[in-house]
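Next come two complexes, and both contain subunit A; in the first it sits with subunit B, in the second with subunit C.
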Partner chain A sequence: MLEFIGLLLLFMVIAAIVAIETRDLLAAVISVTAVGFGVIIAFFYMRAPDVAIVPIVVEVLILIILIRATLRVGLRTFIGNRDFFGMMVTMAMLAVIFLAGIRVFDDFPPFGHPVMQRIADAPTRLYIANGLKETGAANIVTAVLLDYRAYDTLGEATVLFTAIMGAIAVIRKKARKKPTEPEVGEWEE
Partner chain B sequence: MAEKGMTPIVKTITGWIKGLIMIFGIYIVLYGHLTPGGGFAGGVILAMVFVLLTLAYGKEESLRRFRIGVASELDSVGALMFLVIAVLGIAGTLGGRFFINYIAKANPGTPFTLFSSGIIPLCNIAIALKVASSLFMVFILLVLMRVIHGPGERA
Partner chain C sequence: MLYALCFLLFMVGLYGVLVKRNLIKIIISLIIMESAVNVFIVMIGYRKNGIAPILNKTMEHQEFIRRTVDPLPQALVLTAIVIGLGVTAMTIAIAMRLYERYGTYDIQEIKRLKG
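What follows is the complex of A and B.
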């Protein structure tokens, strides 16, 4: 199983590089979605269908939205060169963070041995032991999301609400005009 | 786009399966506390029904079924419903804490059945309303959006 996850990681890395380097926006969008589906397959192999369902539907929706947006606007290619100095600074920062952070992996539990097996009074043990009794929900993930950690879910819902409000505030001005009465040369269609 | 929407093949298939997708989304929402899924996943599936309608028939058809004002109100109703469920827990007789599962405390129900686990299915329904209507609104906004070019630019 670990080999399969490694192969999947390699595939995702290649797809991410393609997404960054290609000059065709449609190919970049499809490559980003390929990375997302790699993550989804990894979730399924780690037996987390709860976590995998949401990315599946969201990836499909994002693919539709991005293709619709990029193809309509007609931005087929990305023109422009990257700033060499800025990219070097970014790479140096990433290298420093990576070298400093690699020590963290020493303290990680080995793959497939979650931290709750090592720590006796980890909260996850309590959730698994008492989840069904305390909440009555057979699906432990939902019990955590909407009972033990419901406050977190409320914040998540607020983030979505705020994002929609921001999107409406930004886009409304352009969308309010009827496309049937365009000013000459102003509208794209 | 000479004719609105896609080919008759796509339109026919969409007409057949749109109800099935909707039932699947509602199932994912209602059984979120028993099987994998929940409010967010089910809400996105419900939004995808209207995205599919928009892609197959054009935006007029989906806006006729799900007007943008209704979507905006459902978005707010979902958020408010979630908040009200949370705040009701503060009431002293119900438990005295934010987001306490007061229905499950008073009336636990049988585990592994639909009517169990108190406020969790209600929260799932609220989240599904919110997510479905907001994602549909995002899609409609991006479809309706036009790019205004400056005087010197070319499309």
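What follows is the complex of A and C.
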């Protein structure tokens, strides 16, 4: 069980390196989708079926959008990174961040012991104990999502709507009619 | 150990964001970082030999409380995944617009961005 998640994470790291380092953009897009589906399998093995179903749709949508962006006639592929000195500085900083950040996990409980066990008044305990009684939902995740934290879900819908509206506003061809064109109707001044 | 692997996945994405020149590669790196963070947050709530946080009639409620995994990170990750889709769509739309204007995805040739 524990080894399986470890292997899955290792597979995701390898797929991520392939996605970043390969020269072919289409292969990179497909590799990043492999990372996404590794995430989905990890969610299933970590007993999170609600979370695992949503990213299937999300990954396929991201794949379609990225392929739309990469499939172009005469797209120049180029290799090479940014300049050498900047790259050395970047690698040094990444090493420092990794070695310093990994010490955060000393304070964490080992894998398999959730953080909610340590905190006496964690809100999760209330949700698990009273979820069915207070919301009537047998699935505690949906009880949290749609009842206890419904405002978060409302904000999520707002953010998604705004992002999609922004994307449409950015990619549409013609922003508005040119003022030199003769107007057909009188609805626009 | 598993947390460290998750952190390594995040660092791979950060490396791609900082080092790569292709805009599509940078967006791909952002997606990788987002996946790493989502997996990490769900891993925090995992309990060994746990069950999914869904009640059924055959199980006693006390045993359910003792064995279930943490539902709160799962609910918040569900929100984060959907927001990540919107953010990714927005970035790809901007990248496609830049390609139409400049004819390349190379960020070193998109010079008018420099202030």
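The rule is simple: the second predicted complex is superposed on the first by the 162 of 189 C-alpha atoms of A that agree within 3 Å, B and C clash if a C-alpha of one lies under 4 Å from a C-alpha of the other, contacts with A are read in each partner's own complex, and residues count from 1 in each chain.
Quick note on the criterion: contacts are C-beta pairs under 8 Å (C-beta built on N, C-alpha and C of every residue); 3 or more make two chains touch, one makes a residue touch a chain.
Everything numeric here is computed off the predicted structure, so don't read it as measured data.
**Student:** Which of the two partners, first being subunit B and second being subunit C, lies in contact with A:164: first, second, both, or neither?
**Tutor:** both
**Student:** Given the touch rule stated above, what does A:19 touch, subunit B (first), subunit C (second), both, or neither?
**Tutor:** second
**Student:** Once the structures are superposed on A, label A:96 by its partner contacts, choosing first (subunit B), second (subunit C), both or neither.
**Tutor:** So A:96 meets neither subunit B nor subunit C here.
**Student:** With the two structures laid over each other on chain A, which partner does A:126 touch: subunit B (first), subunit C (second), both, or neither?
**Tutor:** A:126 sits against neither subunit B nor subunit C.
**Student:** Determine, under the contact definition given at the top, whether A:136 touches first (subunit B), second (subunit C), both, or neither.
**Tutor:** In the superposition, A:136 touches subunit B alone.
**Student:** In the overlay, answer first, second, both or neither for which of subunit B and subunit C A:62 touches.
**Tutor:** second
**Student:** Report for A:35: first if it touches subunit B alone, second if subunit C alone, otherwise both or neither.
**Tutor:** second
**Student:** As a test of reading the superposition: which chain, subunit B or subunit C, is in touch with more residues of subunit A?
**Tutor:** C
**Student:** In the overlay, answer first, second, both or neither for which of subunit B and subunit C A:152 touches.
**Tutor:** Only subunit C; A:152 stays clear of subunit B.
**Student:** Return first, second, both or neither, reflecting whether A:27 touches subunit B, subunit C, both chains, or no partner chain.
**Tutor:** neither
**Student:** Residues of subunit A that sit at the subunit B interface in one complex and at the subunit C interface in the other, please.
**Tutor:** Common to the two interfaces on subunit A: residues 49-50, 54, 58, 61, 65, 68-69, 72, 132, 138-139, 141, 143, 145, 153, 160, 163-164, 167-168, 171.
**Student:** Flag every residue of subunit A that touches subunit B in the complex, lowest number first.
**Tutor:** 49-50, 53-54, 57-58, 60-61, 64-65, 68-69, 72-74, 132, 134-139, 141-143, 145-147, 150-151, 153-154, 157-158, 160-161, 163-164, 167-168, 171-172, 174-175, 177, 179, 185-189
**Student:** Which subunit C residues qualify as touching subunit A in the complex?
**Tutor:** For subunit C paired with subunit A, touching residues are 1-9, 11-16, 18-22, 24-25, 27-29, 31-32, 35, 38-39, 42-48, 50-56, 61, 64-65, 68-72, 74-79, 81-90, 92-97, 99, 104-106, 108.
**Student:** Considering the complex alone, what residue numbers of subunit B touch subunit A?
**Tutor:** So the residues of subunit B touching subunit A come out as 28, 32-38, 40-41, 44-45, 47-48, 51, 55, 75, 78-79, 82-83, 86, 98-99, 101, 104, 108-109, 111-112, 116-120, 123-124, 127, 130-131, 134-135, 137-139, 141-149, 151, 155.
**Student:** Which of the residues in subunit A come into contact with subunit C in the complex?
**Tutor:** 1-2, 5-6, 9-10, 12-13, 16-17, 19-20, 25, 28-29, 32, 35-36, 39, 42-43, 46-51, 54-55, 58, 61-62, 65-66, 68-70, 72, 75-76, 78, 80-82, 87, 90-91, 94, 97-98, 101-102, 105, 108, 111-116, 123-125, 127-129, 131-132, 138-141, 143-145, 149, 152-153, 156, 159-160, 162-164, 166-168, 170-171
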